[in-house]
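By written order: A, B, C and D. Residues from 1 in each chain.
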Amino acid sequence: MKLRVQCDLHFQVDTATALILMLRPLSGAQQRITQSSYLVEPDVKITESKDSYGNFRQRLVAPVGKFSVRTCAEVITTEAIDSAPGANFVEIQNLPNPILPFLLPSRYCESDRFGDLARKIVADALPGYDQVSKITDWVRHSIKYIPGSSDAPLSAVEVHQRGYGVCRDLAQLGITLCRSISIPARLVVGYLYQLEPMDMHAWFEAYIGRRWYTFDPTQSDLRGGRVIIAFGRDAADVSIFHQFGSGCILNTMDVQVNLLTDTL
Amino acid sequence: MKLRVQCDLHFQVDTATALILMLRPLSGAQQRITQSSYLVEPDVKITESKDSYGNFRQRLVAPVGKFSVRTCAEVITTEAIDSAPGANFVEIQNLPNPILPFLLPSRYCESDRFGDLARKIVADALPGYDQVSKITDWVRHSIKYIPGSSDAPLSAVEVHQRGYGVCRDLAQLGITLCRSISIPARLVVGYLYQLEPMDMHAWFEAYIGRRWYTFDPTQSDLRGGRVIIAFGRDAADVSIFHQFGSGCILNTMDVQVNLLTDTL
Amino acid sequence: MKLRVQCDLHFQVDTATALILMLRPLSGAQQRITQSSYLVEPDVKITESKDSYGNFRQRLVAPVGKFSVRTCAEVITTEAIDSAPGANFVEIQNLPNPILPFLLPSRYCESDRFGDLARKIVADALPGYDQVSKITDWVRHSIKYIPGSSDAPLSAVEVHQRGYGVCRDLAQLGITLCRSISIPARLVVGYLYQLEPMDMHAWFEAYIGRRWYTFDPTQSDLRGGRVIIAFGRDAADVSIFHQFGSGCILNTMDVQVNLLTDTL
Amino acid sequence: MKLRVQCDLHFQVDTATALILMLRPLSGAQQRITQSSYLVEPDVKITESKDSYGNFRQRLVAPVGKFSVRTCAEVITTEAIDSAPGANFVEIQNLPNPILPFLLPSRYCESDRFGDLARKIVADALPGYDQVSKITDWVRHSIKYIPGSSDAPLSAVEVHQRGYGVCRDLAQLGITLCRSISIPARLVVGYLYQLEPMDMHAWFEAYIGRRWYTFDPTQSDLRGGRVIIAFGRDAADVSIFHQFGSGCILNTMDVQVNLLTDTL
């Protein structure tokens, strides 16, 4: 299927403020970008680079006044998402090197503190995919998904205590539980077609059976129509925008995902 | 200045043929992409990756029949190009690590065979920028620039013997002479506004005074309006397209560079 | 000065256990390895790789029974450490790309929660080196350095509440405070000559004035004789050893640092 | 088997000369370093880095007078080398990204000029391993292996015309023929136990059946006892030492490979 995704950010800037943005989806195994645009108003210098996970990162200084970032892309992506019940746990010694960082605890995923809970949740599941399914189901049932319920990211410990959260919170708790039983897991930020209410979305992937698989604790069925913007250990690594200092405020953020008639 | 650049390739494919293409310009220190599109017809799977120099590389299998690749981008680039007469030679031990490959001989730049000629050309020039200027002038006057005069890339030895060549040939001879006196140099492939006749263009950069500077032996004045697609050691690394086997033929290649009214 | 550093780990292994170790110092700007050895007993397969920060990482499966890792190196390092009072804060937009991860919050460094405290500590200091000096002094005076007082790593929030900690705890609190005022900071794990009591050591570096500078909140004078094993965001990234599962126990760890007569 | 390998270089330096050396074997899939030493006399600053293929590279300035580099390592390596008659050709579109550079022509491997010869040599062989075997046999029988017969590297075209060469020449011709039929191939430089006469050695690897396999056109049987120092496209990338300018002369090079009694 072909989607047109769009994200516009409108800031009010009181002091010139450095921003790091991640808003450019990248062609990859799961999606292909056929058109994209990236406009800032007023027009300032943007320095683009790739982070160590392969995401595009844009750095700029937002000038005083109104400042907007408008991005859009046309993307070919899949309607269905692979699942693989029974897929094997991969032994640590057999993991490819670039996977290793996703085993470690990170800012919002204190996997060094969740071993007991995780082992209880996956108790009788087969090592691998089935464990991650159990974890995803557990998160879906234990943590209430309330879009808009938090602003700044919370850590897995905090989300677990609180009992509710946004998509990012549920995804990060899932990641934390996976890592605590030595399954590599990473946060994905992107678009989901027909998400309700429409917004940026976050879900997670776990590395099982020698590849990454998608899990989404906020959605009851694992559907496609996903456009990935960035991967990372957690929201510290992948943030739609990260501002340095308190000199600017995001006034509005407009996200749209539309299906394009298949004219290819 | 803002340019709209476009390159369309039309192939006749007799046997399904693997292609590696480099046709997507990247935002960087010297240019910024505000819009871009990349379309293939018929629509086939494209795998995109970055090479070790940071260029985007697209891999695909062209199916039997007519096959087209249409790419275009809107790019903000500079009208003037920096020059720096007097800029210093950088000692080998002070070169940043990623610069080192550009000191070595490569497929079309046999810098291990040009030391005597290079030393003669730069005889009384100051080490650094002025040596590269001498080399560029020498290439411009010694090798006749004849667009369309060769198809497959020639090496510096071959170009030197032949006495004429396309932009790539002159650039590679310049690179070869620089490297033979221990100045890092790299091939640049891209677009040049108002190039006559319009086509893809190639020029080179040399590393002096702790940064890369642009040199173009085919143009008498060093003007801007350049959109960079890829950097590399030579044309073996950076090829608009590289086909594996003889199963396809490029029928036409259409290149356009237009100035956009500055509405930003 | 030339040091001989040695670290021997002796494990009791009940279930075959995957380990990731970081125990091989690397030649770099600040030190040069002239000899090194890395022996395991019994001899098992080791897979060595570099992480995204450039550290060497060894992966292996410790077999049931007694298992030892013995490493040693002869290293030329400096007696004095550079300091640079007055060195400037580097604006976000001017930071080199590889520095950016060290601005972000991480597992044990919740810099997104320490902005108010950090601004109070550095109140009247010049932006840059002097701010980091203030932070280091503040940590040294506010958190009691008690070697051996904790086993598993604590986060900056936890250390701040507790009021005492091991070298790693103090370093991580220093890092957290730096990042919360947009100064990149990273954890360093290594050896320190004449450390009392002798053990592995941890300190931190901050990026100011376009380079990294060393800070050590556990030592009253900033002396050299340091051999660096690894850098990272925090102890989640750089751990002398990281074990997966609870199948093995570290029985003893023997660390030695000796001055070699300067025969070079 | 466990080998002790050693390479000592003794230079006479007339003008201070920048050198780039590759003399430190690295632990990897095929070998494990248990001890190593790297000494220079007089002792000068060495900057060590990894190139884009993962090899260690040492940069230094050799001072006027006598200058020596002494390196040695104890290495666990295999006695037998894997072979895989019948292993499949890997389609271009299925090659992992880091393999792609080894498909391209390079300084001493003009694979863009050898297509006809290569197709003739492999005429009736199955695509993949068997083609590379044919190529290796053809090189072994067509090019006389004469140790010491050349000093500076020759290109495949030159070696083919000349009809004899050193190990590097035969390896590079083999690589060239492989690449010209779209099989990735790379040069390996290292030690070979019981090589006659003892010296540094060069052979090649081809990527077939989803991994690299070893081929050695200078040896009639494919035996192990190999210690790898570096991989690259050809001798331009991997040179035991590369000197900039003509200010120093290698007086002697002493290479030793000894079997250690298996006391592990």
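In this section, a residue touches a chain if its C-beta (ideal position, glycine included) is under 8 Å from a C-beta of that chain, and two chains touch if they have at least 3 such contacts.
Predicted model only: the values in this text are computed from it and were never measured.
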Chain B and chain A - chains in contact with each: none
Interface numbering overlap (same over half, different under half) for chain A and chain C: same
Label of the chain whose CA centroid is most distant from the centroid of chain A: D
Inter-chain centre distance, chain B versus chain C - centres from mean C-alpha coordinates, in Å: 43
Whole-Å gap between the CA centroids of chain B and chain D: 30
Residues of chain A whose C-beta touches two or more other chains: 47
Listing of all chain pairs that touch each other, if any do: A-B, A-C, B-D, C-D
List of chain D residues in touch with chain C within their complex: 26-29, 32-39, 43, 45-48, 50, 58, 76, 264
Chain C-facing residues of chain A, complex: 18, 20, 47, 49, 51-52, 57, 59-61, 91-93, 97, 100-101, 103-107, 109-110, 112, 152-153, 182, 236-237, 242, 244-245
